[in-house]
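Next come two complexes built around chain A: one with chain B, the other with chain C.
For the complex of A and B:
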């Protein structure tokens, strides 16, 4: 059994256009100690998936309309708020995209880490502070004892993301969800953060769900990949398989967008944009942007099929893509 | 921090100097003989009195020398003599500044604490019943003039529901009671004037803190706090309110001047023996030295309040500390 099992999760949002389905039957699984990359463009439902696991979908307007999120067998979608609070931070922790705004500007970083420790562990304030300083040191922040008394605005973006990571691993969670942890950072700092995440995984044995739109990050970090499009998983499999032999035209497009040194000329792009969720028809959501589209693609929606390396595309399933 | 404080104190002193010069010019710009103006137009100023005033203020000297004499007087703590009350302006104000400070601070605390609490509660459910009530109450409280609120409260509590005294600051029959009973008596008298003065600002802070809290509650760091399992109450009061309080602090500092001018009306309506009443009485009697004295002390209170606001702002927001 997987450590974290998301089963046919449906999340809807009440909008001016009526209820839209942000997640439409998303299934993912994360095993202990592995890294699963969830890939897709903005608005495809990656972050909503992460927030649903944490029970942090703001409701209203959001609502989990169906499916289950099982952590070691326990369905979190039906857990009480008190139980969810006990899970958050202690068993499932999260790192966010924007280190600039994700830390509270009026509290010292040491206090913010110590708070997480005090919430879930039986410690005195000074013990928690000592622990916070040790964690800051562990994530590679120089003169950690002094930096712990700093406020977020006194640290660089990379340092703040290290603080976020220290806070996330402070209670030794089983699952760490990293929602585009490097998007806002310089390229050199990105590599450092990925190294740090890998280190944390090795030392703490934490399973990582890495949410990203960067296929480069996938090849560096992931054991397995799930590609999302318009609220559905459209391809999933081992990272090497998906990167080397992508089956869905969208996944191939994403991989084609990776800039490479020896490949000159213009960058490849996928034409068009993700359609607004309230305008999705009955067919494949990618049909409008797909170079291989056939009549049948617009009539019915392909299901995710195919075992270990599965795909939701008629063309790939029938062999004409 | 120390250099900041010193700089603010120097600015404050310069500002007070400006107020004093303005005071001086106001009297000189008034039509007629300044000596008559200063003596007050009660028609009772004798020739000897006017001569004494001319002597005191150096009114026969050039303007710049007069300013020098006036500044010297102020520095020595001499703001002139009220001929109507027949005592020095400083001693007049000394008797009345206490009740005014008590009233203004009570109203300030009342409006900030209750207003912010209402705003925070409303922000938790922006489309809920309480949120709607707060909005309606805030609009009404904002629109209604302070003297009208006062009169309505007097009518309510004088005849319909006589729970709170509607006049004065202390009961004469308790004059010789132990201090704790007298303090309770003053607090009892304070309720209506303080609430009357507070209500418009209370409404304003409720609106402001509701908007500010709603903005802060959508911030990324609130999501971070929730993601580490922080209980909702801690999220609201520890993580959100400390950030949402910053604009409230700013407005509270700016409003302090308005609060003092509001106190003038409230003190008059409730017969509260403070500086506002004194200002009202001396305006009616054209008692210029007293009016100027009240102006001087009211300005001083605003300057002090602004320095305190700046200080508290720096305490609340670490981004403003250090450096600049």
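For the complex of A and C:
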């Protein structure tokens, strides 16, 4: 059984266009100790998926309208707020895109890590502080004892993200959700953070759900991949299978359109943009942008099928894409 | 032929006095940068945040005051022009910005936004300007009936197309592109990069293209300059730079850029992650600015600043290769 199992999750939001379905039957699984990458463009539902796992969908306007999020068998969508507080941080931790806005600007970073430890573990203040310093040292912050007394604004972006990671692993969670953790960082710092995440996974055995739009990051980090589009998973499988033999035209487009350092020349394009959720019709959400589209694609929505390397595309399923 | 020749450009920012009556410290943002942009060619400037790439470009086109240096544009030193003369030159040099959300007037119709530079410069008759705007819309892949809409009615990629149309309106010879795709989704990035490549070929435009992303630069530029702490550390034709990077910093940047060829499944291990952060531009080290982070650094590197040497492929390093 998977450590984290998301089953047919449906999340709706009340908007001025009426209720829109942000997640429409999303199923994902994350096994202990592995890295699952969730890929897609802005607005495809990657972050909403992560927030639903943490029980952080604000309601209203959001609502979990169906499905389940099971952590080691326990359905978190029906858990009490007290139970969720115990889960967050201790069992499932999260790091965000912009470390500056996710740290408290008026507390030292050492205090913030100690606070997380004190919430979940039976310890004295000074023990928690000692452990916070040890964690800062562990994530590669030089002279950790002195830096622990710094405020977030005194640290660089990369250092702040290291603090976030130290805080996230402080209670030895089973699952770490990293939502675009390096988007705000320079490329050399991004490489350091990726290396650090891998190290944390090796040392603490944490399973990582990496949310990203960068197929290069997927290649370096992921064991398995789920590609999302307009609130659904449209392809999923082992990283090698998806990267080397993508079946969905959208996945192929995403791989082809990355400006790579390995070659020059013109890039593949995916024409158009992701359709607004309130304008989705009955057919495949990608039909308007798809080069292979046929009449049937606009009439019914393809379901995710195909075992270990599954795809939601009539063409791929019937062999004409 | 050389369109723009920049020689020994320096930009300094005064910092607050550390105590009353103390001398004002100076931050040296650009420390003696020289490069050429040839007619119809694209020069990419890459570097991490704080390397001085944007300041260099802004000083070269006089949107930022330079401390010293020379910027010859078609033989005229731009730094010596008075305001009226510079204004007349502006039609040859146009700019597109990173953020298409904040760089378009939210209260103006996009047709008027593209038309404004023509009105300001008094290009042609009223009807000729109207025809030119329609022509520009077609060139950047927008429809004529979209001219009456406002910026908020467009997606990020379409807004960047509007910015490009506005920049092209006066018929410039040089387009300064400051991170033109870093605010866009991956699939949209490819559309804009291909558009920029096509316009360059069609209109014989030269680009000064600023980016932190080596992959993006590889797809658009003919030549690349790598900046570190206010100086160019390596400059080469694009193919040469990617095939045979000589400076350890360039090599580290390339090693850090995520790539589809590196697979977790095949036990990918990054050869070299840069340690630490760049030195402070308010107190640059006496020798090579990169020495403190460089795996090859020797005593000479800490004492003697290396000069940018070589023909065609230039590198500023005591131990290149």
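The definition used in the following text is that the second predicted complex is superposed on the first by the 317 of 321 C-alpha atoms of A that agree within 3 Å, B and C clash if a C-alpha of one lies under 4 Å from a C-alpha of the other, contacts with A are read in each partner's own complex, and residues count from 1 in each chain.
Just so it is clear, a residue touches a chain if its C-beta (ideal position, glycine included) is under 8 Å from a C-beta of that chain, and two chains touch if they have at least 3 such contacts.
No experiment lies behind these values; they were computed from the predicted model shown.
Putting chain B and chain C on the same copy of chain A, do they fit or clash?
Verdict on chain A: chain B and chain C fit.
One more residue to check, A:257. First (chain B), second (chain C), both or neither?
second
Check the residue A:105 against both partner chains and state whether it touches chain B (first), chain C (second), both, or neither.
Touch partner of A:105: chain B, not chain C.
Check whether chain B or chain C contacts more residues of chain A in the superposed model.
Touched residues of chain A are more numerous for C.
Kindly classify A:239 by the partners it touches after superposition: chain B alone (first), chain C alone (second), both, or neither?
second
Does the superposition put A:217 against chain B (first), chain C (second), both, or neither?
In the superposition, A:217 touches chain C alone.
Now for A:273: first (chain B), second (chain C), both, or neither, which partner does it touch?
Second partner only.
Can you give the closest approach of chain B to chain C, taken over C-alpha atoms and in whole Å, for the superposition?
Superposition on chain A places chain B and chain C at a least C-alpha distance of 7 Å.
Which chain A residues come up in both lists, the one for chain B and the one for chain C?
none
State the interface residues of chain A toward chain C in the complex, per the touch definition above.
Residue list for chain A touching chain C: 35, 41-42, 142, 156, 158-159, 186-192, 194-195, 213-217, 219-223, 238-240, 243, 253-271, 273.
For a test of understanding, state which residues of chain A touch chain B in their complex under the given definition.
54, 56, 85-90, 93-94, 96, 98, 101-108, 112, 115-116, 119-120, 151, 153, 164, 167
In the complex of these two chains, what residues of chain C are touching chain A?
Interface residues on the chain C side: 48-49, 155, 157, 185-191, 193-194, 197, 212-216, 218-219, 238-239, 242, 252-265, 268, 270, 273-274, 276-277.
What part of chain B is in contact with chain A in the complex they form?
That would be residues 219-221, 223-231, 239, 242-243, 316-319 of chain B.
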